[in-house]
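Read from first to last, the chains carry the letters A, B, C and D; within each, the first residue is number 1.
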Amino acid sequence: MTTHSHLDAHHVDLGRLVTLIDGVFAVALTLLVLDLKLPTGAPGLAAALRQMLPGFLVYLIVFASIAGYWTQHHFAFQYISRGDSRLILLSLVNLLFVTLYPLMASIVGAHPLEPLAIVCLSSNSLLYCLSAWAVWSHAAARQDLLAGDAERRALQRLARIMLLVAACLALALPLAYLSVYLAYADLILCAPLAAWMGGRRRASRS
Amino acid sequence: MTTHSHLDAHHVDLGRLVTLIDGVFAVALTLLVLDLKLPTGAPGLAAALRQMLPGFLVYLIVFASIAGYWTQHHFAFQYISRGDSRLILLSLVNLLFVTLYPLMASIVGAHPLEPLAIVCLSSNSLLYCLSAWAVWSHAAARQDLLAGDAERRALQRLARIMLLVAACLALALPLAYLSVYLAYADLILCAPLAAWMGGRRRASRS
Amino acid sequence: MTTHSHLDAHHVDLGRLVTLIDGVFAVALTLLVLDLKLPTGAPGLAAALRQMLPGFLVYLIVFASIAGYWTQHHFAFQYISRGDSRLILLSLVNLLFVTLYPLMASIVGAHPLEPLAIVCLSSNSLLYCLSAWAVWSHAAARQDLLAGDAERRALQRLARIMLLVAACLALALPLAYLSVYLAYADLILCAPLAAWMGGRRRASRS
Amino acid sequence: MTTHSHLDAHHVDLGRLVTLIDGVFAVALTLLVLDLKLPTGAPGLAAALRQMLPGFLVYLIVFASIAGYWTQHHFAFQYISRGDSRLILLSLVNLLFVTLYPLMASIVGAHPLEPLAIVCLSSNSLLYCLSAWAVWSHAAARQDLLAGDAERRALQRLARIMLLVAACLALALPLAYLSVYLAYADLILCAPLAAWMGGRRRASRS
């Protein structure tokens, strides 16, 4: 499958790790929908669909978050040439928070106006971002995992963006107790902000 | 995993995007079946299977739609050599409508003769086609994402086919209120039409 | 992702088709387990586990079937170098019967001693084998999809094995009404028979 | 997809097997979360989340186990260059125990303090390790599947580690009847032990 002629005792090929990660992202994106179910007690289909609306909006927010984080992951891993044991370990911790999204969507979908539910969702995103920051930073700190110095600087920029998104997400924790709508606005703006900054920084590299 | 020696600041490798897309299609195709459940109140297995028949036919229609759209996607992406940030963004929007199919199948399976249920399913297919058209058109408009001019023309043809399928699907919206059976016929014919036209156009290129 | 320099208007790269197929097989293998649930009315965990035993045996049979068919698929596709539109179409029909396995396992798990349930499972396997035969035969009949004549003969052998397995599975249909245990024995023996014959034939090629 | 110019009658390409395995691992990791559901009878969200805590801890333990075994699998398969029919068969048996993890997590999540539940989970991990040992040992015993002698010794070391982890897991079976907490401690320590030893042995090879 892979050319491991250049593999030494400390480095591992990244192909399978990326396949596992993309598989987990793909399953998480698709499992979200299992939480959207037609309510059985509604007087008709139109009423049932109306009752599903809050859950559907939560679905869109969580889908956009996962999709945005996948995009960031894709940008970052383009700069990493090789892996080591710690990169795998940190990536698996990172994946844990991806697999928790369907649960978070189900908690928020069942209690859309409860501050504690939004705190659950935001904390999961926050932990995702911090673990992603740990992956990018580890790779940036190890010259032997990268092709060159430009890659190191690009990864460091993406790691800083992850910290910035984490800070935005941390803001949603107190906001949820002030106004759930402000907290939602904060959550909704975080993912496109991250994607846009990731894109802009890439462009400015040339 | 990939040879990113030729990667500059504006372009991204398509390998991981395609892996994510194929993963989402594979999971969506397989999750559909979770909605087919033996009814518990039936007097016997034969009666229970008979009660499942409408849901099973919906399963076949939705499976054929997803399979047909995957085939179109496969044809189109053979002409695209590189990606950029906007291609990823549009593709992720495109994926949103793939992940919604299990929900649509469950709505139609629960209310197979209700016009509103067919409107939900058709609208989702319609939005899938329009977002696919946006992906193909974006790639066709950017010379730097394609290998040459023949690829551009081929993509433009596939994009036009997507618009044609979208028009057929839009027809199902009023049809559903006239006769649900006519609307189903329209839905059933759309996917093979798209696949056949995609195949014919390809053949006529040689 | 792929080098499509050699792609002409009639041929398609098989990489993505195989990714989709492996994805569907992987999800189907893993979804089976969702049907195994601890019964809630049992007086204790030991009793609950004992009540799950028939469903668990069905799980093992269906897992072995899917795993056996995947092995056959892997053997067959090693001989196919390129695809065309019809190969994709036939493969997608083939996949339909893979995605139906979790439903069949759930029907048989709920009614393990009912002949009609075994008929459902056997018919699904039978249709899988016939559609796999159609895929292998189509490829064997098209010189342009294969690397050479040895590949054609190998595929023809594998296609014949699929017909033989289909005949064994057809036997389970009447057997189910004579004795469900004989029908199960027939189902259990089919998959290893197929795998063993696939392996033996391969060996005899050298 | 693959260069099978060097394929003879006895060997198979490992690419698709690894794709299937990574797919099953990815789906198993993500399906675990479906067992975590908000309890409906709780007086409020905070109380409901507190009721979920034992299930959540079980989730973390099982996630860490699957992630740890995937890491071991990744290390081992870097040393295997080719496959044969038996390697595929043993790998599919190995996968069976991966697909059973969501069931085991659901049994332990429903009965976290019942020794029998812990015995189910430990037995599944034990059988996973023994089947993984069988895969690594088979490959190590066949020179034609490996690139050289260093790979054979590395695989033999990883196979021995699998036996050691199996012994640790076997310890959890009697421990569960003495104290469930000791049994959990044993289960929690096994996965990182395996990962750490896998990493250390790799390092000591250079």
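Heads up, the rule we're going with is that contacts are C-beta pairs under 8 Å (C-beta built on N, C-alpha and C of every residue); 3 or more make two chains touch, one makes a residue touch a chain.
Worth saying up front: this structure is predicted, and the values here are computed from it rather than measured.
J.: Over half shared numbers or under half: where do the identical copies chain B and chain C land at their interface, same or different?
T.: different
J.: Using only Cα atoms, superpose chain A on chain B and state the rotation angle in degrees, rounded to the nearest 5.
T.: 90
J.: Distance from the CA centroid of chain A to that of chain D, rounded to the nearest Å?
T.: Centre-to-centre distance between chain A and chain D: 25 Å.
J.: Just how far, in Å, is the C-alpha centre of chain C from the one of chain A?
T.: That gives a centre separation of 35 Å.
J.: Which positions in chain D touch two or more other chains at once?
T.: Within chain D, the residues that touch at least two other chains are 13, 19, 23, 26-27, 31, 34.
J.: Under the stated contact criterion, what part of chain C meets chain B in this complex?
T.: For this pair, the touching residues of chain C are 1-2, 4, 7-10, 12-13, 16-17, 19-20, 23-24, 26-28, 31, 34, 85, 88-89, 92, 95-96, 98-100, 102-103, 106-107, 110-111, 114, 116-117, 120.
J.: Note which residues of chain B are touching chain C in the complex, please.
T.: Within the complex, chain B contacts chain C at residues 13-15, 18-19, 22-23, 25-27, 29-34, 36-38, 45-46, 49, 60, 63, 67, 70-71, 74-75, 77-78, 195, 199, 202-206.
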